[in-house]
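This report refers to the structure that appears directly beneath it.
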Amino acid sequence: MDEVKLRCELGVLTRPDGSVLFSEGETTVVAGIYGPVESKINKTLVEKACVEAYFRPKSGLPGVKDRLNESMIRNVCEAVIAVALFPRTAVVVVVQEMQNNGQLISCALNATCLALLNSGIDMKCMYAAVTCFLDRSDSIVLIPPADEREIKGSFMFVFDSVEKTILASHTEGSFSIDQYKDALSLCREESTNIFNFFKKALTIK
Amino acid sequence: MSKNRELLSKIGLRLDGRRADELRRIRCKLGVFTEPDGSAYLEQGLTKILAAVYGPHQVRGNRSKAQHDAAVVNCQFSMAVFSTGERKRRPRGDRKSTEISIHLRQALTAAIKTELYPWSQIDVYVEVLHADGGIYPACVNAATLALIDAGIPLKEYVCACTASLANNDVPMLDISHQEEIIGGPTLTVAALPMSGKIVLMEMSQRFHVDHLQKVLEKALQGCRDIKHILDEAVKSHIQDVGSSTGWANTT
Amino acid sequence: MSSEDLLVCLPGQRLCLSDHTHVSGQGTYERQGYIYSTLAGTVDIVDKDNVKIIEVHTSGKQTLVPSQGDIVTAQIHTITQQFCKCHIKCIGDKVLGRHYRGILRREDVRVTEKDRVEIYKSFRPGDVILARVLPITEAHTYQLSTAENELGVVTAHSEHGHLMVPISWTEMQCSKTFVKEARKVAKVVPESVQQGLNEN
Amino acid sequence: MPIDHKRINGPEITIPYQLFDKLNTKSGKSQFKDFVKSNGVRIDGRSANDHRKIFLKTGVVSQAKGSAYIELDKTKVIVSVFNPREIPNKSEYSSKGEIYCEFKYAPFSCHKRRLHQQDPEELQYSAIMKQALESAVSRHEFPNFQVDIYALVLHNDGAALSAAITVAGVALAHAGIPMYDLITSVTLAVQGEFVLVDPNLEEERLCQVPLFKDEQNTNHGIVVLSMLATHEQVSQFYQTGNLAMDNLTSAIETLTNAAKDIVVLVKKCLVRHVIKSARNVED
Amino acid sequence: MSEQYKILHPVKYYRDYLAHNIRPDGREFDKYRPIVVNLGSISTADGSAIAKVGRTTVVCGIKAELCQSKAEAANEGFLIPNVELPPLCSSKFRPGPPTEQAQVATQLVADILKNSECLDLKSLCIFPDKLAWCLFADLICLDLDGSLIDACMIALMAALKSVRLPVIDYDPALDNKQANLEHRKPLNITNIPSSTTFAKFDDKIVMDPTVDEEDLSTALITIALRKNELCFVHKPGGASVTDEQLLKCIDESQKRAIVIEGIVETALRSLQ
Amino acid sequence: MALCEAEKTFVLHGVEENFRIDGREREDYRPMELETNIVSHAFGSARLRLANTDVLVAVKIEVDVPYPERPREGKLEFFVDCSANATPDFEGRGGEDLAVEISNSLAGAYRSPEVFDLTKLCILKGRKCWKIFVDILLLECGGNLYDAVSIAVKAALWDTRIPLVKSVTVDGNNIDMEVSEELHDCQKLDVTGAPIMVTVCKIGEQCIVDPSAAEELCSVGALVISVSRNKFSTILQTGSGSLHPQTLLECLQTGHKVAQRLHDALIETLVDIKPSENSVGFLR
C-alpha cells in the first residue's frame, strides 16, 4: 500500500511563536501559534489557559463548517497543552487552509501539533491525526481515491503519543461497526509513522 | 487626452464658467446650532456641510483611550442618504466614510493644541447634506470653523483644497463633482496655510512627477485663499456676537 | 403547615391597611395607605414588638442582588498588588442564580496595619471568602471588605490542590503536604452563634 | 441579502409557494363577511367580545429564572425571564433597574418565512413590550441591573403582541421579580361597525384596510391595550389604522373589560404554581 | 448547604455523586432521560415537531419555498437545517448572531443529515434546472439542558416525517407555476437517524448528560446511527477514551436508537 | 440634564397654573420655522426648526417592483438618521434605537390607505411602481421629536413632485417607460391625509403639548397621537409610567384638538410658501 507523503517546514512565519507549513498528501495547511498571551477579559479562566482556535478557509470568510473545525482543533489542543500551567492567559491557534484533498481536518490537527512543538509551549503529550477512506468496494485505504465519487465514507482519528488512546474521532458517510473498528486499527498503525515523522522533523531542525 | 481638453475651454474657462485658479463660492456660518459646543455650516459651490464640535470633555466609553499628555480627537464623517444623486443605503459605516473620518482626525489633530487638554476628548462630527465634489476639503474647512466656534485653541487655521491638471499642463483649483467624473488626477491637500505646513496630501491617481510641484503650489494657494474667506467669516461672526452681547467684557 | 392553610398572594394584591401596627416588609410595598404584595408567593406575618411585619416569600428562588451591608460568599478570581477581583456567589445563605462581580481593595482586607497588607499573602485565586458589601459607588462592581474577624478566607486549596485547614489568623496548612501558606483567615463562627450575631 | 456566515444559507432567491395558489378573487368585504356574520358571530363561533380559549403554563424553561407559555387557540408564545445582570455599555450609577425585552417571531411562525435577524416590526414590538412591563416591575429593587425578558412566538395566529405581554407578566411573577401589579394585555380589531376582541390572524389582516368605504364608514384598525390589574392603570396603549374619537372611547372600554377577564386566568395559573411549589418544599 | 457546595466546588460535588455510582439527578451512568415528541402543532409550518429529551426542548419547523437548483446539481433541491440557540433557552446566551455553540450544532446536524442519506435531495426537484423545493428546517432550542444534538435530531426527523408538500403543476414553456394546496404529499424519508451524546468525567462515561454534566465533563462524544449502521462518530477532542469505552458507547447508542425510532413512529401514527 | 425635586415642583406648579416655565399655556407650541425645497438633489424636501429641535427631510423617488402580495400599490419607506451632530451619544450606531422607533411610528401612522393612498404610486400593476423614500435627518434634539418629524415629513411630501409617466409599453418581460422630460410636467402628491403627530405629556394632573426638555423629565408618561383627517391613525404610549383609562381618554381628546389646529396652521403656511430662487437654508 502506498503511504501518505508527509512534508513540513517549521517556523515559516516570523510573527507567531510557533508555525509550520504542513502537507499530508495533496492537502496543505499553514498553522501558527501565539501564546501564552494576555487573554480577553470575558474569556479569562481562573485555573487554566484558554485556547482559541481560528480556521481560515482557502477563500472567502469562515463559515459554519469552519466553526466545527475550529471546535475540534480547540478541543484537541486543550487536551494536550499543559493549560494548567498558564492560568488567565490565552493560547491562540490559527490555521490557514491552502489546499484540500480530503484529509483537511487531520492535516490541520497535525500541523497544529507541529506548530505547538515549534512554539515550545509545555505539552502533556503529542498527538497524531490520521484520515482513512472507505471506497465503493468496501475497502479501507489511507490515500483518497482519485475519483471523489468512489469515496463512500471517511474516518479521522486522533491518538495521543503516550498510550495511543483516542483523543478525537470524526466520520463522514455511513458504515458498519466492523468497518469502523477496522479503520480504527488501520489509523492507529499509521499514527506511528506520523509520530516518527514528527520526531524526525524536530531533530532536523 | 481628448477628455482632459474639455476641462478647460480655449478661452480658459471651466465647465462651470470658473477660471483655472478660481475657487467655487464659499459661504459659511458659525454657530448654527445651540446644543453642540461649536457648530458651523459651510457651502463650497454646491457641496454643503454641517459640522459640530463637542468638548473638550471626559473621555466617553472606553476610558483606556485617554492619553495623559494630549486630548483625544474623535471624528465621525457621515453623509445624509439623500446627499448624492443616487440615494445612499447607509449614511456611514462604509469604507469611504471610515477613511474620511480617519483623514479628518489626522488633519484636525495637527491644528488643535491637544496638549492643553490631557485625559480629555474632543468630538468633531461632520454631516454632508449635499455632495458635489471636494467633500473632504469642505469637511476640513467646516470643522475648522466649528472648532473656532467652540473656542478650542488652534495653532492656526487648517484648510484643505483640491487641485487638478487640465490639458496636461494647466493646474486647476477646487475640483467640482462634474470635473471629478470627467477625469484627471485630483490632489487633495490639507495644510496649515500660515506656516505653509502640509498636514495631509492624497492623490486620486497617477501624476507625473514634473507636474506635482505646480499642482501642489496651486492647491496650497487655494488653502491660503480659503483661509482668508474663513477668516472674514469668523471676524464678522465675532462682531455679530460681540455687539449683540454688548462686548460684555471690555467695560 | 400544610399547603391548604397557605396564604397565597400575587403581585399587586392588596394585603391589608398600613398603620402603626402593620408594617410593609420584604416582598411588599405600600401605596396610598395599603400594603400590596410584589411577589407571587405566600404571606408571612412576623410579630415584633407588637408590630406586625407583613412579608411575602416567593415559592421559587428569591431574586436578589447584593446590597450594602450584606455578608456575601465570593470566590477569588484574579489578584494584583492593589486589589483582588472576585465573583459573588451567595448572599448570606442564599445562592445566587448568577454571580456578580466584586472587588476587594488592599486597604479593605483587614482592620489593623492596613498599609502593610500584601494581597498575595492574604488571598489566592480560587479561594472562597466571606466578605461584607461596602457602599456602592460604581455601576458594575461591588466593593467588598474583609476587615472583620469573621470575614476572610473560609476554604482554600494549597498549591498542590489539596484542602487546607486554618491554623492561625494568618496561616493555613495543607492537609496532605503540611505546607503552610499565608491567608487572611476568617474566624468561622458556629451557625447558632452566627444567628445571634446577625440579630444584634 | 448579504450572506450570513454564521448560518447555513439556502439559495439566494426563494419564493413561497402560497403565491402560486389559485387566486382568491373574493373582495375583502365578502371575505370579512365570511369571517364575521352580520349579527357579530365569528367563524369560530365566538361573539365579538369573546376571547379565544386560553392556556397558560409556568415553568416551561428549566434554565431560566422564570418562564411561561401561552396559547390563544393557535397563537403560541413562550417567554423566559432571567436574573438581573449588569447593564451592558453603561457606566453611570442608576437608581432604577432596567428591563430588556426581545420580541421575536420564529422563522416558521408566520405565513411568510421570517428572517433570523429582528426586523423593524419585531423591534417595535420589543419596545412596546418594554413600555408595557416597565410600569409593572418594581425596578428600584435591582438598581444598576437589567432583567432580560425574551419572548418567542412559535405560531402567530393573531394577537401575538398582547399574548406576549400577558405571558411575560406571568413569567416575571414566576421568576420572583418584584412587581407592583399583574399585567394583562388584549388586542382589538375594528372594521366599520364591527369590533372584535382577540382577533385571529385573518381578522387582523382584514382590519388593516377599510372595507366598508361604500357605506361611508372608513373606520378600521388594531388597538392593543395593557392593564395593570389592581391599580386599573393603562401601562401601554398602541393603535394603528384609522379610527374616530368615539370609536376609541368605546374601544378603550371594551379593552379594559376584556383585560379584566384574563386576570382571572393569570391569577389561577400563578396560584397553582405557588401551591405546587409549596407542596414540593413540604415533600 | 449542598446548593452552596455545588456552586462553589462543582467538580467535587459531582465527583462525590459519581463515587456512589449515581448522578445528581438520580440516574445511573447508562440511563437516558425520558423522550417526548409532539408533532404538527404549528400549522404555519409545512412540517413541525417538538422534541423533549429530559428538560432539553427543541422545536423544529420546516417551511418549504420554491427556488432554482444549483447549476452543479441541477436535479436536486435543498434542505437547509439551522440550529438556533436563542437567549431564551439559557442564561449563557445574549441576543445577537449565533454563538459558536449554535454554529457547531448546526454543522453537526447537517453532517448527520448528509451522512445518513435519509432524504434524497433529488426527490425535492420539481423540474430539473428550473424549479426545486427548498426546505428551511429551523431548529430552535427552547430549553437547553444538555444533549442538544440528540433532541435536534429527534425534532428534525419527526418534523421531516410530518411534512406535506403541495403538488406543483409546472409548465416549463411559459414558466407558469400552480400550487395545488389541497393535494399534498409526504416526503420520502428512507430512515430515521438518531444520535446519542455521552460525556466523560474522570474515567467514567455517562449517557445523555445534562447541561451541568456537559460543562463539567472533560470530553463529549456524539454517535449517530441509521438503522444498524453508524453514520456519525464524533468526538471533537478533550480527554482521550479507550477503544473499549468508545465501543461500549456505540453499543449503548445502538440500543437507544431503536427506542428513539419507536417513539418517533408512535408519534407519527398518533398524528395520522 | 437633571432636575432636583424643587425644580420639578416648580415645573409642576407652572403646569397646574397654566403658565409654564417659558410662559406658554398648556396647549401652546414653541415657535417653529419651516422651509421647503432646500435639498436640490431631492424630489421634495423640508426643514423644520421647532425651538431647538432641527429636522431635515428629503424625499427621493425610485422606480421599483410592487410587492407580490400587493400588486396595485407603490411603496413608501421612512428612514431616520440621528446625526451625531445632535449629541455624541448618536455616534456610530448609537442613534439607531431612536431612529427605528421614529421610523416605525411613521410607518404605522401612514399605513392606512385612508391616510396615504399607495395605489396612486402604481405605474403598471404587479410590474412597476414608484417607491418613495422619505429620509429624515435629525440634526438637533430639543425635545418633542415626533411632532417635529411629522410636520417636516408632511411638508416635504407636500413639496414633492413625481415625474409624469408619458407611456408604458410591455414587451414580454421587458417594460419600457417613458418619463416626461419637461421639468414642470409633474404631479403633486395628495397629502391632506398625511398625519400630524402630537405628543401629549402628562405632568401632575394635567396634559401639555410640546414639552421642553425640562418638562419631559417631569412627566411620567406621554402619548404620541397621530391624527389624519380628524381620525386617529396611530397612538403610541411612551415613557415608563402608566395612565388611568380616564386620563388616557382626556389625553386623546387634547391631542385630537391640538393636532387639528396644527394641521390647519401647517396647510395655511404651506399654501403661502412661494417658491423662492435662493433657499436660505442654514445660512440665516
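Order of writing sets the chain letters: A, B, C, D, E and F. Residues in each chain are counted from 1.
Assume a contact is a pair of C-beta atoms (placed from the backbone, for glycine too) under 8 Å apart; a residue touches a chain by one contact, two chains touch by 3 or more.
Because the structure is a prediction, the values reported are computed rather than measured.
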item: Most central chain, judged by mean C-alpha position against the global CA mean; value: D
item: Comparison of C-E and A-E (more C-beta pairs in contact); value: A-E
item: Approximate Å spacing (C-alpha centroids) for the pair chain A, chain B; value: 54
item: Centroid distance [mean C-alpha coordinates] between chain F and chain A, Å; value: 60
item: Rounded Å distance between chain A and chain C, as computed from the means of their C-alpha atoms; value: 47
item: Chain D residues counted as touching two or more neighbouring chains; value: 6-8, 65, 82-83, 228, 231
item: Two or more partner chains touched - positions in chain A; value: 64, 67
item: Sequence positions of chain F contacting 2 or more other chains; value: none
item: Contacting chain pairs - touch in the sense defined above; value: A-C, A-D, A-E, B-F, C-D, C-E, D-E, D-F
item: Residue ranges of chain D in contact with chain A within the complex; value: 5-8
item: List of chain E residues in touch with chain C within their complex; value: 3-4, 7-9, 91
item: Residues of chain C touching chain A in the complex; value: 77-78, 125-126
item: Residues of chain C that touch chain E when the two form their complex; value: 73, 75, 89-90, 93, 95, 97-98, 128, 155
item: In the complex, chain B residues that touch chain F; value: 27-29, 32-36, 39, 41, 43, 46, 48, 50-52, 54, 60, 74, 76, 78, 80-85, 87, 91-93, 123, 125, 127, 129-130
